[in-house]
Structure formats: C-alpha cells, structure tokens
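Chains: A, B and C, in written order; residue numbering restarts at 1 for each.
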Amino acid sequence: MSPVIAIVFKDIVIEMRSKESVSSMLMFGVLVLTIFSFAFEPSSIERSLIAPGTLWVAFSFAAILGLNRSLAMEIDNDCLQGLLLAPVDRGNLYIGKVASNFTFMMIAEVIVLPIFVIFNNLKFNLQFLEIAGIAVLGTFAIAAIGSILSTISANTRMKEVMLPVLQIPLTVPVVISSVEATSMVLSGDTKGISSWLYLLAGFSIVYLTVSYLVFEFVVEE
Amino acid sequence: MRSKILGVLVLVLMIANLYMIFVFAPNEATMGVIQRIFYFHLPFGVSSYLSAYLLGFASIMYLIKHDLKWDRLGASAGEMGILFTSMSIMSGALWAKPVWGIWWTWDARLTLQFLLGLIFLSYLMLRAYLPEREKKAALGAVFGILAMVDVPFNYLSIRWWRTQHPQPVILGGGLDWDMWKVMMVSFCAFAALYAYLLDRRMAIARVEEEVEYLEHAILAHD
Amino acid sequence: MPDTFALESEDIRKTFGHFTALAGVTLGVKRGEFLALFGRNGAGKTTFLKIAATLVRQSQGKLRVEGIDTREEPERARRHIGFLSHNTYLYRDLNPVENLRFFSRLYGMPDSEERILALLDRVGLRRRASDPVRAFSRGLHQRLGIARVMLHDPSVILLDEPYTGLDANAVEILNQILDQAASAGKTIILTSHDLEQGLRAATRAAIIDRGKIVFDSGAKDPAIRDAYAAYIRLGVGR
C-alpha cells in the first residue's frame, strides 16, 4: 500500500470514529446557506443571482473548518513528527493530506449540495450534475492550497485564526471561477465556461506541484 | 555611505520630479489638473508589483541558501508592498472621484491591487505570529512563493470577471511627448526612492536582529 | 575503519535564531554500541537526536546513519532509524493495532499483522489491542510508543529521555526490549539526566554541555561520575 493511500485510509478510520471534520463542515455549510436565506428576500430575483455565491461561501468557509480539524489531529500528540520519521518523501505526505482533506470536503458537500438545490427551488437534473462537477474541481483546488496553508498556520500562535487569513486572499481565483461557472450553469448560458474550468484545473495543478516541492520546508525545523 | 548617496539622489530627483509634475507638465485636455495624479499613481502601482516579485525572488533564494539576509529582503519587500499598494489605491481613489464620480469600484485593476495589498498583509501577519526566527523565515518564504504563484491566477480570473479601468494610454502611444518626459523623471525619482527605502529597511532589520541577539545574550548571562 | 560506524556526525551545528543548540558535535558510534548521552535541559541532547532522526535540519555539518548521509538520502536513512521521544506520535482515536498497522504501511512492510501482535505481546498490550489509545495511561501510551519504534526493526535506536513518565512496569519492559536489542547487535543511543538509569546497560557514556561533547568514555569509567557531578549537578561555567 502506498503511503498516500495509507494516510487517507488512516484519516478515514479516525473520521469514522470521531466524525469531527465532516460534521463540523456540514453544519457550517448548512448554516451559511440558511443565513443567506434570511439576508435576502426568498422570492426575489437577486436571490437566484446570489445563489452561486452563497454556495461557494459555504464551501470555502466550511473547508477552512475541515482543514483546521484535520491538522489539529496531526498536531495532537505530535503525530506529524511520527509521519516525518517514516521513510516517505515529505511531498507524498502532503499529497496524502490533500487526498484525505478532499475526500472529507466532498462528503460534506454531497449533503450540502442537495440542500442548496432545495432551498433555491432548483431541479435535480443535468444542471445539478454540472454543478457537482464544478464543486469537484473547485474543492480540489481548495484542498490543494489549503493542505499546505493549514500546515503553515499550525506553526503559529492562534492557528485557527491564521488559516483563513492566509487562505482567503489566495483562493480568490478559485472562488471567482467557481462562482462564475456555477452562475453560467444556472443561467443556462455556458458559453465560455471552459476558460473558468481550465483556470480551476490549472490552479490545482500548479499549487499541487509547487506545494509538493516546498512542503519539506514547512515541516522541518 | 551608499545610503547617504542614495538619499541625496532621492532628494534631488524628487525636487526635480515635483517641478516637472506641477510646473513643467502641460494640462491634460479633458481631465485637466487631475491628470497629474497619474505621475504618482503609475510609479506607485509599478512599485507594488515590483515588491511582489522581489518578495517571490527573496523567498526562493532563502529556501535555496538558508541565509537570513534573503529573509530580510523578503520581509522588507513585503512592507514596501503594503506601502505602495495603499499609496496606489489612495492616489487612484483621489483621481477616480472627480473623473468617474466614485471613490471605488470593483474593476479588474482596482480589485487586483486591493487583493495584492491583502496578500502582503497576510504575509506580514503570518510572520508576526511565528515565534522563532528560522520558522519565520522558512514559512514566510514558502508563503511568499505560494503568494507569487497566485498573482497570475488572480490576474486572469479578475480580468475575465470585469474590466473598467482606463486602458493604459502609455503603451498605446497616446501620451504627449512632454507628458512622457515628466513620467520618465517620475519613474526615475520613485525608483531611487524605492531603492533608498528598501536599503534603509533592510539596515533596520539587521539592527533589530542584533538588538534581539544582545537581549538574548544578556538574559542568558544571568 | 569508518564503515563500522552506525552513526557518525561531523561537526554538527544548529542554531535557532540567536540560540546555539549545537556548537559542533563530532561523534562516531560503532555498530552494537550502547551510548548513554547525558546533559542538562537545553544542553542539546534532544536537538542532536532529532537531527540524527532527520526531524531537524542541521545548520552545518554532516551526519551519516549506517553510512547513509541523512541529508542526501533521508528516506533511505530513516529506514534504519527508530526514534522514541517524550511524545509518542500515536493517534488517540486509533487502537494499538490500527496505529501500528498505519506505521507499518508507511514503512512499506507487507504482512505485518503477525509482527504487530508479537510486538504488542512483548510490550504487554495484547489484551488492550482494540481499545482506543485515548483511554491509555501515560505508561501504556509509552509502551505502545516503544512498540512503534521497534516496528520496522531499526538498526539504530534513538531514545530521548525514555524513562520520563514511565511506571515501574513500563521501565522493566523498556529495559527488557533494550537488552534484547543490544544483544541482537543493534546500536542504541539514549539520552537521560539520570545517571544510574542511563548507565544501566550502556557500554559508553558521553556528556553534552552547551552544545558540545565535553566527556566521552566507556560506561565503566569511574570518571563519568565526577564529570556528571560537575556538568549536570553543579553546571560548570555557569
């Protein structure tokens, strides 16, 4: 079994036992959608205009919660050091964390997304699948950059506050692209959507590569 | 000595620059006297991007060499970045109010500039909350690289998202020759100012480290 | 014959900011040696072991484990190293078997189930094999930590203050395992601030003070007692 899969497997077992990461992301995601429903008149026109925005605010903030949980688990009892002792390239440890963070974010989103559809009176049709596809791309991008940023913020005093400070400015391209692509799908006019999807994919690939290379400087003293 | 020469150079160039901008430069036909803000605004904008790339470069060099002088360069570039992004945003707002009728709009260039400022801020905040000197340098450098990689993605996404900023007239060649001359002098003056500020900031960073060292030495002696 | 060294350091230096943790440590530990490394808190013991375990990057100097440079081929070097510190690096939500299974996967060991159970037997945790680590006392925790260190059968075993927080039972188990490892020809480096516990099975003793090795001799050398008294109890030059 490759170390990457071993890490994902271990995280899944821990998550099944503690249920901390997915449940907090889920709760937070639903709360964001709810609050936005109060903030805007439920039947108004602008409601459909802001819907994609609310979805991605929910996703990207919930992701920060999940990332903080996932890192807290590795910091507890200095487990990260145990990982570093293993004969595994530091970059692969990063890839493992990306994979498990992505998995948990997706599990939470699989539940949040239908709630979003119901709250906004959308239909469970092809559109829904298209939005799910955008969610996969956008979430992967967030997981790729979030996994290294959460490891950086774990070294600071007030870790939990530091992660959003680092992550939100850097994920602006992801949020813009995902929101724009989602709006295009919802409005039925998908001309030019591919450039947004390319941007999301490019973002993921570039950050995955760069983070893979520099991760050792984050974890070594 | 070097900083003294630079300082005198900045003084001379700045006086010349002010003369060029407020006396020599012709009034622009449509915008009038307001247009003169451009001679400040443009160098501010360029300096903020220069800071971003300086920070990225210093970060890469630190991770290769593990020499704290590169970290001092990165940290100084980060602070210069905050300074010049705020200056360019403020000078832009002063210009936008009479011309567009608003202080601020979520136009591509403005948004980018604002975001760049935020990234510099998070870089400095990260450093402020890292306790150890080497950690500050290593994690700051990693974040510096991640931030630099972000700039082109920001640029693309925001460009596609919206565009309202006046297209740069400079590159179009639409600028009067006299205005060109003023702009050149202004760029030279601000380049010198940038070099001077960076040099002083790095010198201060060195002194700060020395003070910290001495404090440690005194405490360890007790 | 340099190839008989299991661990060899050349002028290892490490600074944290303005604090010099190691001021040039040159040390050769032969295969099968049991070195007890003494020092006060902050003398550099932990930093040295962490550098040997590749957890900390030295500012200067070279270190080889089983002839492998730890900076050039860290993954290969880590296969030979077992490192036990005050923290056990175990996941509280996993039980002992799951913890060890995860680490054996990281080490790329196939069919490790039998080995895991045998190890749990040796540290007396077989009956608690399916309880989450969260419920363990400090002593049980540390026993499982010992099992984790021995899991991949390392040839160089580094122990940082292993006796701290152990109950009598766990001390005995640790001693047994160390004796077995020593007789199997493993190289052991153990740090301690307690002379008797450190010297129990050691073949060599060294003292580190303010980042430098200030004493290095056989464990039976009576001079260690004077040196220990001078450097650790009284603190020469402070």
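One rule holds in what follows: a contact is a pair of C-beta atoms (placed from the backbone, for glycine too) under 8 Å apart; a residue touches a chain by one contact, two chains touch by 3 or more.
These numbers were taken from a predicted model, which means no experiment stands behind them.
K.L.:
Could you tell me which shape the graph of touching chains takes: line, ring, star, complete or other?
P.N.:
complete
K.L.:
Any idea whether A-B or B-C has more C-beta pairs in contact?
P.N.:
A-B
K.L.:
How many angstrom lie between the centres of subunit A and subunit C, each centre taken as the mean Cα position?
P.N.:
Roughly 39 Å separates the two chain centres.
K.L.:
Please compute the C-alpha centroid of subunit A, do the same for subunit B, then give the distance between them in whole Å.
P.N.:
Computed value for the inter-centroid distance: 32 Å.
K.L.:
How many angstrom lie between the centres of subunit B and subunit C, each centre taken as the mean Cα position?
P.N.:
Whole-Å distance between the two chain centres: 49.
K.L.:
Counting only residues that touch at least 2 other chains, which ones in subunit A make the list?
P.N.:
220-221
K.L.:
Which subunit B residues touch at least two other chains?
P.N.:
Residue numbers touching two or more other chains: 134.
K.L.:
Touching subunit C in the complex: which residues of subunit B?
P.N.:
Residues in contact with subunit C: 66, 132-134, 209, 212-213, 216-217.
K.L.:
Subunit A touches which residues of subunit B in the complex?
P.N.:
Interface residues on the subunit B side: 63, 115, 118-119, 122, 125-126, 129-131, 134-135, 138-139, 141-143, 145-147, 149-150, 153-154, 156-158, 160-161.
K.L.:
Mind listing the subunit C positions that touch subunit A in their complex?
P.N.:
Those in contact with subunit A are residues 50, 53-57, 75-76, 78-79, 81, 83, 85, 87-94, 98, 102-103, 105-108, 132, 148.
K.L.:
Going by the contact rule set out above, which residues of subunit A touch subunit B in the complex?
P.N.:
So the residues of subunit A in touch with subunit B come to 145, 148-149, 152-153, 155-158, 162, 165-166, 169-170, 172-173, 176-177, 180, 195-196, 199, 202-203, 206-207, 210-211, 214, 217-218, 220-221.
K.L.:
Can you tell me which positions in subunit A touch subunit C when the two form their complex?
P.N.:
Those residues of subunit A that touch subunit C are 1, 3, 6-7, 9-10, 13-14, 17-18, 73, 76-79, 81-89, 220-221.
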